[in-house]
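Letters A, B, C and D mark the chains as written, and numbering starts fresh at 1 in each.
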């Protein structure tokens, strides 16, 4: 009922153009809350809520102000997102959180930057916790945009560091969704593997239309006949699940290096088919150390009835850095906070994370982890209550993921 | 010079212009202004769609293709202007979109308009699928996931108009919307417009009065593509970004819903639909996550009970109004409204409970369940009676109304 | 151009026209000349192929073989709209109008092409005086002035039949084909229809299919009899009445036909 | 060789699944003239019903129960929805099913949530049937093929050997005549609609666990089924069968073709620089376009031969 109340306030404010009061920082959560991707939006909203509650409990913000979340539905559509952004502005939002869908993120980055240029007295900051398009911290970078997840190239750099030491893998197969994100994964995989493992054979490089393949078995047959020992894929959602299930059904014993398997519903639909075979590259998972396990349990105890488990480490980092920036700048105004965020560092549950000044990209350790069965012996925390969890197989230091940038702030 | 410039119509169009002028003063918030701009764009788009469905009888599931292509080409054109490659004021950019829409609908229309009905619907769906798929694949032109970003302030500042502030963009849209509405209305009053109606009603007979139905459909489709392109260009200017979603199947489906909910039988029906649907999508979605469900249910209800859409509901009451019989309908309408509202609240209660129950789990709301259930059953029971009563009065009235036809 | 008087005086000329659907032969080599300005009736028992012949002439169906010319120019297998533009207009046995247009609009649409407005989308119909006057003239002729603004689909059957004829003649085509204009009408309605037909086809060439012999003998200058896809006789009403073959094949067995 | 045989088997099983989906649509389309936009939604309902009933009764009863339940939903849809809209014409009917697809998807969200549900292949069928060269062929795929062939045969028997089947069959080609003969055509319509939906439901039961059961599954197959029906020809089950296998083959085999325009230009001696503006467009391979090919085929077919491969009527 709480979220109903929040929604009500949001709309009410949108209609009567009320402005925020001084003792509150309004965080606009502009995310897809209806339609096919609504569940992901809900999950991240709960992460955000948990962190904001923690910040408010500690009460360290200057002038003992509190953070308040206003959710806005962007329907996972760039145009609708801009409408939602207008509504958020009317409601007095100073900080916008968004992450699912790079097309929405691009639209928002651009719209917020234009808004800030046209209304310098009332700037807004965009906290991007999951949109991975490298352009956002390169050619499309903006002063007002900060990214807290690693982008596609950084993740690929980390993943290829790991593949470089896996000498048992002699050939890999690239299969990706045919749109800019999948194409970016394929391109960076090709160039980085060539550099780090010149001996490695790329047995195939397929792009398939996104969300349209029902039966992956022809792809699997092709992969099988190529003799590859591992698959590198940026696929997400059913395109990933179907690929893995199909391979296992046909008895193709092969490693999967993925970006998004831990997303809600991923593990439970892949299930046993993925044990010991599916790897992911992320900035957070539950079984990195005792602290991350604690945080995972916190999430579970705050939301005992929900289906998913903690996933978004970057939401946590975004909120914590926002808090720290407000305390350090002794202000809650986006202009000051933005300056403080620019080169901020923070020790989080996985270690030191720091914001790059030159392109507003967070540098953080990344982890390659493997899907395993959890048991009392290994003491791992499972996800989605199916007896499976992730186990770290490699940690890639933050500096290793620093990429050259073309970003030039105006 | 009689028909268009007659007094009544002049007053009506003047009123519309005045309304366009006045609206931003009433709804001045940033969100309201953006929503009004969106409505203006959708009004053009829905009206252009109705040139196909309502006026020519072509059910298209791919009209957003022309909207989207117009929008993309405009985005590139604005970027060329910014780069100094050529100079066209932003105010006239919609023409670029329009010509793009026209070009593509000329090409695609040539091969698709030979048959109306289901084959046409299927071809349009197939073409829409192909265009949408290519839009994701060809990232050079369509910009990939990020789409094409533009800057509407790229042109020179003319008369203090930079198109920086939203209000200026709103008035640009308002002007184009008004002009497009006028043109599209005028087309219905031309020989082509009338023959399009004839082809819709009876394509075979049209042949025997000298017309080639395929040619008529083709021309109408091209004109519809032109106006869809204008709408697309305005969307580019308004949002300053255009992504592949704009020409996807969802966008095409959306305009079908708009036109049909508003009513395809009257020229102004789709305008109501565009305004209402935009309002529902933007406002209702802020209230509830189940807005898509309500939206779908509304659509089904309209098809089931008023296939002429909302505009038809209004039109059938005109004779009643003229006959001065509104008073006789009032009590039963009031009764139906009351019982309908009760039922609706019950249904909304159940739906919201389900959504929330599954999202946040274990909400113990037995009381709300019972109340909602009671409201549905009691409200529904009386609603049926109310509807029967309304029907009865209509039947009683019909001989009287025939005179006022 | 070498066209003799003989050719010019023929409004419509059918040479060995044949049509078969699958293996079923419907029209078996019809030769028929319709003289300019005459009123010609086509009669014959059910299934003789009268309506099919109309459909062949007006371009609705393609011919299997043979040729048809209109005022000396070839129209074989041309599209219906092309034939119509050459001055041949037809009505249908089953009412074929534009149900969601008003009566007036039905008639006005029928004159646009003939007046040269084609696919124009930059002229206002209200400004087209000639179209309006022409439509109003036809409206008066078919006697539906008081139904002017009514939806054609809401008219009574007899009114729709009148409108059907109105649409057919509105464009001023000089060869008119009427397919059973009085089918399904009462006696008095039929009389009105006959009067209407005589009035509107004044000075034009008329070819009509009709079952009602009263109507046929009342209107027609000449009559052709079609039996099993062949013309067995052509002549004046008096000649046809006397013709033995016709009496055997047609009049003797079945005078009142219903539908083909 | 191994690739060829495995892909052949895969294309066959995919084609048969498509046929299960499209046979129902063809029946409905040819009899009622309604292109059921919500057909794929009934496929989805089949999967979800099977998941739900499977939780209680297990997979085998669900295999029968779920299609029946979907059929009931279909019958109700026809009785209280389509039949009322019928008098407003085909466009209204089409739009009704279009709206219904929206509503069904949202209702599925409402009941089962937006994440995929864990609908699994039953243990008794989760084994490798045989190993061809060294690729395993899962038993469940074979089972699916068996069921669809069984369905094909029983559909054939029902249509040719039973009275109701005769009426349905006659209605496929001569709907007016059947009506004239005094059959209760509305009831036949309802039965056909329910039956068509049940067939889609059966496909859902079998496809839901082989692939994935989630709210997006209807959209993923929605339009491909239309392609099958249009390609095969309206009113022709045989056509639908051929088109299903054809599309199955096209989609599976084209995956293997890595040819692109670049290869063509390379063969002509022109090498395109990867940095060139045109590289992106020209480097698209046939395998990338695989899923678009059916739509291209459909559009071409509608333009060239609108009645489809085996169809008898245009619409």
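Note that a contact is a pair of C-beta atoms (placed from the backbone, for glycine too) under 8 Å apart; a residue touches a chain by one contact, two chains touch by 3 or more.
These numbers were taken from a predicted model, which means no experiment stands behind them.
Common neighbours of chain B and chain C, by the contact definition above: there are none.
Ranking every chain by how far its Cα centroid lies from the centroid of chain A, the top place goes to C.
Distance from the chain A centre to the chain B centre is 36 Å, each centre being the mean of its Cα atoms. As a whole-number value, the distance joining the C-alpha centres of chain C and chain D reads 48 Å. As a whole-number value, the distance joining the C-alpha centres of chain B and chain D reads 31 Å. Of all residues in chain C, none touches 2 or more other chains.
Those residues of chain D in touch with two or more other chains are numbered 109, 113, 288, 291-292. Of all residues in chain A, those touching 2 or more other chains are 38, 178, 207, 209, 212, listed in ascending order. Going by the touch rule set out above, the chain pairs that meet are A-B, A-D, B-C, B-D.
Touching chain C in their complex are the following residues of chain B: 1-4, 186-187, 189-195, 197-198, 200-202, 204-212, 215-216, 219, 223, 405. Those residues of chain D lying in contact with chain A across their complex are 2-3, 6-7, 10-11, 13-14, 17, 109, 113-116, 118, 120, 128, 131, 135-138, 140-141, 207, 211-212, 214-217, 219-221, 224, 251-253, 255-256, 285, 287-288, 290-292. Of all residues in chain D, only 33, 35, 81, 84-85, 88, 90-92, 94-96, 98-100, 102-103, 106-107, 109-111, 113, 223, 226-227, 230, 277, 280-281, 284, 288, 291-292, 295-296, 298-299, 302-303, 306, 314-315 touch chain B in the complex they form. Residues 36-39, 178, 206-209, 211-215, 217-219, 221-222, 224-225, 237-238, 241-242, 245, 249-252, 264-265, 268-269, 271, 307-308, 386 of chain A are the ones touching chain D in the complex. Listing the residues of chain B that touch chain D in their complex gives 53, 57, 59, 111-112, 114-115, 117-119, 121-123, 125-127, 129-130, 133-134, 137-140, 249, 253, 256-257, 260, 290, 292-293, 295-297, 299-300, 303-304, 307, 351, 354-355, 358.
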